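The letters A, B, C, D and E name the chains in turn, as written, and every chain counts its residues from 1.
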């Protein structure tokens, strides 16, 4: 018996207006996040992974961005049509978010306490004292020493790692059902990244919470996630359980990403690399968006966008998986798959 | 903190002394005051006698040394014309100037900050466009023209407000408006653009993600961040308001420092001009100093070290 | 830290400051008092001036604005008649000339200062000595330097002894000298006395707010009887348009120096009128013989006189407000002699220029003028330039700030021509001596023969001989075309219609002589 | 002087002074604090460390982009610090630099042609006519073509820009290139392209690299020897393989263990360090790492550790090993992770 | 808010400096989209046109005084905007005044801008004691209000067109020096400058080939905004009795001559005032647009 997913996105399209041009950073994605699950969204800059998270938060820039189509169902509520006031009740309460830059994501002119009290003020009816106590205990939960002092300090007095912990405690305060972490460790040093990842693992274990982890770092995904979604040029190209993805990536893009990691190559040897670059929005034609860089592309790839092919929960948008076109094109030797 | 103050005091001292030096030589170049005071039929010997009595016949450097020696003790000499203590005369005009400048400043802040904030928030709306256009116009009007226009309308035609003179609140309305027109425009534009900057910041996104409602977001979060650069601008402009009110003071017969300085400049009344420069430079420096302190007060990144 | 803090602090600050400046707070009621719209007897007047008095002590600052204000506080020994400029006794009842170096004055008895002390010979002596005392740095001193001693003969008699013949002494006394109370000045010191003056005049000092206003009230014990207008306020409004607005809106009741083009506007107002008189101040176009240029040639100077149509200037630029001048002096001057005017004759002007060896078409002259010092000065200069253009001369008008203009004149740096005014002048001597000798730069004209004659005439003690001498000089100056005489300035006052006010030739404004019609 | 070394750095120091007002003592930030290392001709030498450890400052100081406070830098036997401005400027034709941010390191107002021509022009290399050919050739090598010549930097993607940056460094055919985080700002798929390019160029021109990075997997892939920096000091040096296989210093051990796993099934015994890197303005006493070191001993806070040699050029500065050598008080924590 | 928009070479980063031809095209298309920018642009074009060809358009000789026709109200006797106190045609004087105002604005900016830029560069690029001295001088000057300073200088060197330009420039260079210095300081730290140093580009060449070209944008923006300031300042100085003097038909001067007629002949003060306002408005609009277009990060000050 399957529990209903916490978050379910269907056929989401997002548009940005810039001048007279319309840019479509998200072109029809479907994804779901189950309760207590950690889903990783992987992709390179500009693939639409951050826009996805902002769309879920309802934080698209008001004037220029809009949801063109699709639905976002969160815990039984349809978010796309939600009035701002109701949305505000969800933000910071049911869904919270951690951002990439801990240095700029905290307001420099307010103390940690002032900033952390905000979600509690908005969503919980608590007295001042109670708020303070809750904040201190949350700060302790994320492993900040001297929580009683830090609450009255300003962001610039803290190091990057501590700030990211503060951001995490901000996201934790109202015990959300879903936490979105947008590149939470990218700006941090390796040793600090290790600390934060450990912390996130611990929190995920102790709280009844789903985590949507957005990252470009496959290593982070391998360590953290239950399920992985790979995005490319505004689309989801592959989705599977974490072991399945690492064992047997199906989409050539996912394969390319993995193979280009130095650790997956022989030392000093030539690294595998995906040729070319992410297409401009205007260059995306009818076909597969990855076709122009794909080592296995064939005629159909340029002519027609591939549908989702699914094999035991492992989904991929690639014509190679089409049993019909397979025979004609697939060259057995060309895809070295790690096992 | 203390050494910061000491350092600033020394800096202020240097700036003021240099300003005095420059103006001392400049004004000596501007001409001979004696013919302006003495009756036109005064014979040349008389003029020479008077000049030597004032010490203007000595070498310039000697005069400069003498002047500086006295100036550092707060003695700028007596007005050539009225023979009163020059510094005293300047100080006497100071309250009126302050009164006008501060009221103009308060008025501009009261109008411009809400206007700028709203304008930034409703960016590109009709409201914003009108506000932007108005502020540009506010900066484009020569202040004496605007002042005369106000007098023409409110004093001469409608006869509801006095045309000038110092004193009561009623007297202050028109000059305050005139003086504030430019600052309102400047502050509004500045508030708008800093606000736009702040609204683009990551931490605003964080606050939004915490579920903070928009009015609170602007009033509490964004405004405090914008305040920091605004304080610096306000400090700069208060200096200009104080010293640069010449035109407003002349147009509205306001008994302030700018008018005295202009008159003294025309009369070549050197001691007053120098005392005036001293006071203005000093005020300017003090304002900047206070602005720095305020800046540090509002900005915890400086305060907490 | 609340967001309102900053504003609140500023607000409080401004109120504190406003409170601090209470002293300067003007009383805006006086204006409406003066209007007397409620039908009560009006007893106040507000007079607008372009600037503050430099000081309120007498005998110190040579400046019409200062003088016009303090003359209500201090009395002179001798005054001038408002129409003719003739001497009238005030605190001096009689004066006589004992010999070439000695003058005797008999003073009025029973006159009291505002503080109650008596006016006497000591006061007269003190006032003259005040000018002479170097410590006081009086700007009048140069005019009085020939005085050797003032002797008190009795309580009400003084004798003035000069170091050389000083025929114009009475003029000096009438034009410069005001009487101060020696006891008061010695008591409080000059500094205090220059802020809170005490005199014998018709009005007592009440309050002086620098650059703002001076308030006086009628002195009830005034020797000639108390003033009809009880309260006088002089208000300082530097900008003309503001002054005019203040007048139009009823804030002030009168002001001097109405520009000719505003006359109509004021006359059209049912509550206002223009009071006008020909002043003792003259305007002229000086032709510089002090620098090497065409003006050294008498024929060129004569040509200028023929080429400039003063009547047209008067009519077109000054709207007729001015009295044409033909020679060096105005008719008011004692010793004035009728001289022939140069006809407007451009052809003759060209001829004269050719005789002098100049081609008007290739002449380029510079005309210096101040701006705003005399009625329409810079406009007159531009109009003169336009007139000279008609005979082909190119004239570049150079407008100078007043201080710079005066300095240029005094330093003899002006090349060709300049506009200047002189006055108030009531006698031939000071005008001729200061304008047409090598020592006096104000017309930039001198001629050795004539200069000798001037100095000889000045020394003559016999009235008739002197006047004959001045008459000859005047004729010679006109022949020499020493300058282009323009006009006697018209002093124009904007006045409330129901104010009884008569302008005086010597520019003095005396509220004592004014009254409100009922 | 060992002829096989192209670059020798001895006791290099770079201190910054931050004035604290008139009456307080200046704060001295020891960005680079007495470091020494040598780079052989043709090898790739890595400087690893977390932000603020002084690795970038070291790179800049070697090129005299900032003047060192003390120490000696010998390039090809020549003491760089003693060179005049002009001589140093000319020497730069032999040592070049590649920067981290491909957006900031190219002048936005210059075309690619101008950017690539400038080094040749200022060093007066080749005949004028020849220069264009050289530029075309180098463009081709870095994977761009002729028609890119007259474009401006903003018309290129990050990866392309970084290649332009590399082309600019290589066009003079230098002997030595300092690459300061050359791939950190790039996406994974582009990163591999740039790494490949650098490796190819090294082969083709016999280049020597000083490769500065915080990305351990990149370092492991492409460098021969490496030095680990912590708070301005080098704490471990050795062949890249040796260091990765057998890290000696507890910090190095922690650093390597912090690399995220390659595969979900890979289990890592991670050493998670406590706290953050202290400020270089106020470094801890003794061994600067001691407050965070899981193996810290009493002596660590008192004495700066000496260098211990583990053979084949692998050295580390840690009291653990000095204790061993001296056979005082054998410590069971000596090897934490192997 | 920072939103990742799919990376598209060409619009990915704010530093918008397209190629030379495309730059003009880019500016033009941006102008077409901004009503303020376009308004400003049209006003400036008109102003330039008037100042270049005004003498052929003006219906009368701006200096010719016709006493019999003085103070005619607008639309009488062929005088569209009336005549002044000497009977000169106001329209013609306004047209001639456009030229003077343009000369004042542009020349002042040229002089103040050049001098201020040189000081700013020397100060910001070479630093050292010279920087300290120069910036102290700037501080000293800034502690004295602009208008008063211009007055003092005008009082010393005398009135007239050349002198007012000089005084305004002496009063105005500091702002250029300050802005340029801070720009240079920021540029010095830019990585592409370091990259040039690392390449071995000589110091002087870095200054001229790398720093200077990157200064153009801020300087042009500042200049365009300062022009308006100077035109208004000239009017103010004229009002106080200095500045350009009659009979020159500078607008400020016409205003100050005409202010005495505010009650009797309103047109004397109205038209030049409106002209100054429109000019300042246009230049400001244009400058703002330029700033927003060329340098989105410079917004505000």
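Keep in mind that, in the parts below, a contact is a pair of C-beta atoms (placed from the backbone, for glycine too) under 8 Å apart; a residue touches a chain by one contact, two chains touch by 3 or more.
Here the structure is a predicted model, which means the values were calculated and not measured.
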item	value
Length of the shortest touching-chain route, subunit A through to subunit D	1
Highest-count interface - the chain pair sharing the most C-beta contacts	B-C
Centroid distance [mean C-alpha coordinates] between subunit D and subunit B, Å	53
Intercentroid distance (Cα basis), subunit E paired with subunit C, Å	43
Distance between the centres, which are taken as Cα means, of subunit E and subunit B, whole angstrom	22
Interface hub residues of subunit A, defined as touching at least two other chains	45, 59, 278
Contacts with 2+ other chains: residues of subunit C	239, 241, 244-245, 248, 401-404
Residues of subunit B engaged with two or more neighbouring chains	31, 148, 152, 156, 202, 204-205, 224, 250, 266, 298
Contacting residues of subunit B [partner subunit E, same complex]	14-16, 18-19, 22-23, 26-27, 29-31, 132-133, 136-137, 139-145, 148, 152, 156, 189-190, 193-194, 196-197, 199-200, 202, 204-205, 229, 233, 239-240, 242-244, 246-247, 250, 258, 261-262, 265-266, 273, 277, 280-281, 284-285
Subunit A partner contacts - residues on subunit D that touch it in the complex	50-51, 157, 159-160, 187-193, 195-196, 199, 214, 216-218, 220-222, 241, 254-255, 257-266, 270, 272-273, 276-277
Subunit B-facing residues of subunit C, complex	1, 3, 6-7, 10-11, 13-14, 17-18, 20-21, 24-28, 31, 51, 54-55, 60-62, 134, 137, 139-143, 145, 190-191, 194, 209-213, 235-239, 241-242, 244-246, 248-251, 401-404, 406-407, 410, 422, 430, 433-434, 439-440, 442
Partner subunit B, residues of subunit E touching it in the complex	1-2, 36, 136-137, 139-140, 142-148, 151-153, 155-156, 228, 232, 235-236, 239-241, 252, 255, 259, 262-263, 269, 273, 276-281, 284-285, 288, 299-301
List of subunit C residues in touch with subunit E within their complex	239-241, 244-245, 248, 259, 261-262, 264-265, 312, 315-317, 371-372, 376, 378-379, 382-383, 385-386, 397-404
